[in-house]
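Both of the next two complexes hold subunit A, though its partner changes from subunit B to subunit C.
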Partner chain A sequence: MSELKVGVLSCSGEECLGGTISRLATRKILEELKFVKTVTLCLPLYLAGGEEERNFAKVFPTISVDGCDKLCAKRSTEKYSGKISGSIDVSKIIGIENALNTKIIRNKDLKDEHLEMVDKVASEIVKEIGRISPDSYSGKSFGGCGCGSE
Partner chain B sequence: MDKKIKVIPCSGIGKVFGLLARESVLKTVLELCPEKSETICLAYIVSGDEAVNEKIAKTRCITVDGCPKMCASKNVALAGGIVIEEIKVLDTVKEHKGKNFGSATHLDADGEVVVNEIAEKIAIIINEIN
Partner chain C sequence: MIESYAILPCNGLDKCAGAISREIAIKLCENAGNEMICPVFYRVAETKYNKIAGEHPLLVIDGCPTRCASKLAAEKSLKISKRITITEEAKSHNIKLSSGLRLQENENTLVELVLYELENAHDNAAVVSIESNTSYHFDYESFQNGKFIFRVPGNPQIYFNENDCWAYVIGNRARIGVTDFVQQNLSDILYFTPPEIGAEIDQFGEVGEIESSKSVFELISPVTGKVISVNKTLEQKPELINENPYESGWVAEIELTDFESDKELLIGFDKYFEIIKKKVEDLNG
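Up next is the complex of A and B:
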């Protein structure tokens, strides 16, 4: 029996806290969400990988998770892969000042307040997934990338 | 030419090696060599924005990759950056066989050891250049 799957793609931006929160919230969804199976892809594989990676958003209804309003994950997915089914701008959830914090980026520096931001963003991702029509959930297989992100 | 060396990790999201790459680079640019190095979001480079292409073109870059797909190195080169050193996380990981580094979400103590070693390697390269 094929499983229902939704793609969640994080920008994982390295320059600011928003990228760290986007990455951790996406990881939380991948590890903990139960009502639908989620898969991800390393964003840079759109260019460094092959056709299979570039088909990601065509195979899976995909939610982009971006740390700031540059929306790199959303724009890159729509540029290289296909239309996304929903998007999250972390800066709108945790505030621009927090998202653009360039001092606290490393996981080890995160405090309880930052982990609460992760939870808040994760719950917004869940809401966004909930807005996707179940009819569009993919049961197709996907080989995934070298880092084994599926 | 911008004097600061750009240090760019893959930040791969599927396995611990991507997190090791990410944390190694952040330790380098935030703690070890903040005056001589900086990072640029790889996702921004992937987006192909004119602004980021201008920022990275003909700039010296060190890339840090967690898997053989070499996403950071390939994307930086495609954007016109000069990759002066390709760091492979697995080269350092191989020296710590049997250890538990953690997950793609969280690093264990052995993962932090690897991060420190890779960051030191990057810092040596940066200090030799500048």
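Up next is the complex of A and C:
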């Protein structure tokens, strides 16, 4: 049986702080927390028709992380890969006003309070990953997502 | 920089190159006039970004050769004014990118180099391009297949290769381009990547690219020599290749180094006309 992996598909948007927090929290999961076999899926590639990304999300449990309530990541995952295993709406964690802040989107402009938001969102992603039952894995074999992020 | 751009970065989250594309886009947007198009939100808020793309020339920043941002631009039928690919920039500057997503010294150096080049691109091109004043005249023969009309110039100074590129040779210079077959097949051409001025090109070497929403076509040079001029207008108006691939849609001028030898592997009008007819027939069953 193939090894269980969990996909995280993050907003990575440029419109507001919520996108930046999504991106950084997902990166934190990948680089620092190393929680189970987490694989980040590239949303722009996914939307551009990346078959490997889309197949991964069909076969393995995948969590969407959205920066705001437009839910670009969640909606696109459901559209192209079917039901998702979990979703995070960053605006519900850090507040809508913070999420929609358009003045601060660059990493270098982030203050301690924003980094705390990143930690908070990362913790929520970890909880969501933990919630996913290994039984949700379809058991189909898959040759690797090819996203280069493992 | 030449003018203010609408900037469409890859913004990818799975490779360092995507993070670099984002950083460059954000830095460019700190300059007045440049505006960013979010590649994710564009699929939700098309009207907003179509307006931005309609008001500014489009700069596409792809992270890797998958070219997601270019694909998105093609999907939305946006005309690309300038495109850079971060992995290619890294290669040309001999900079090794890290496998992580955090920008470190190498990545920040590349960001600064690309920004500098974008700001100085126009001046450099203006200095070295030496377009000839030669007049080019074309006597066309044509044939029709369905609703499509294919024209091929019959002048004896014009040579073709079987890769559907032509060379109009006068003295030690050749003006080159693609034939009607290419532009009809590609349909609406959205982007032109010129060869570098000063580049030494071998016969059958790559001498630029043109791209439509259907595919990318690499121009295969009919001749050997040095690129002395490119058709800069195509960078803003690549559709000129569709309008007339022989006249307003010419691609580059080459200073020839050994045309007598090149000529042995080229064909003239009669043979090419038969080839293109057969290609069109084969294509349409």
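In the analysis below, the second predicted complex is superposed on the first by the 130 of 150 C-alpha atoms of A that agree within 3 Å, B and C clash if a C-alpha of one lies under 4 Å from a C-alpha of the other, contacts with A are read in each partner's own complex, and residues count from 1 in each chain.
Everything below uses one rule, namely that a contact is a pair of C-beta atoms (placed from the backbone, for glycine too) under 8 Å apart; a residue touches a chain by one contact, two chains touch by 3 or more.
What you see is a predicted model; the values in this text were computed from it and never measured.
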Give the label of whichever partner, subunit B or subunit C, reaches more residues of subunit A. B
Regarding the shared-chain residue A:Arg106, is it in contact with subunit B (first), subunit C (second), both, or neither? both
Where does A:Gly95 make contact in the superposed view: on subunit B (first), on subunit C (second), on both, or on neither? neither
For A:Gly130, decide between first (touching subunit B), second (touching subunit C), both and neither. neither
For subunit A, which residues belong to both interfaces, subunit B and subunit C? 10-15, 19, 23, 26-27, 31, 40, 42-45, 47-49, 70, 72-73, 76, 105-106, 147-149
Complex interface listing, subunit A residues touching subunit C: 10-15, 19, 23, 26-27, 30-31, 40-45, 47-50, 70, 72-73, 76, 105-106, 147-149
Can you list the subunit A residues touching subunit B in their complex? 10-16, 19, 23-24, 26-28, 31, 40, 42-49, 70, 72-73, 75-76, 79, 103, 105-108, 144-150
Subunit A partner, complex, touching residues on subunit C are 9-15, 18, 22, 25-26, 36, 38-41, 43-44, 66, 68-69, 71-72, 75, 99-102
In the complex with subunit A, residue positions of subunit B that touch it: 8-15, 17-19, 22-23, 25-27, 30, 39-49, 66-72, 74-75, 78, 104-107, 112
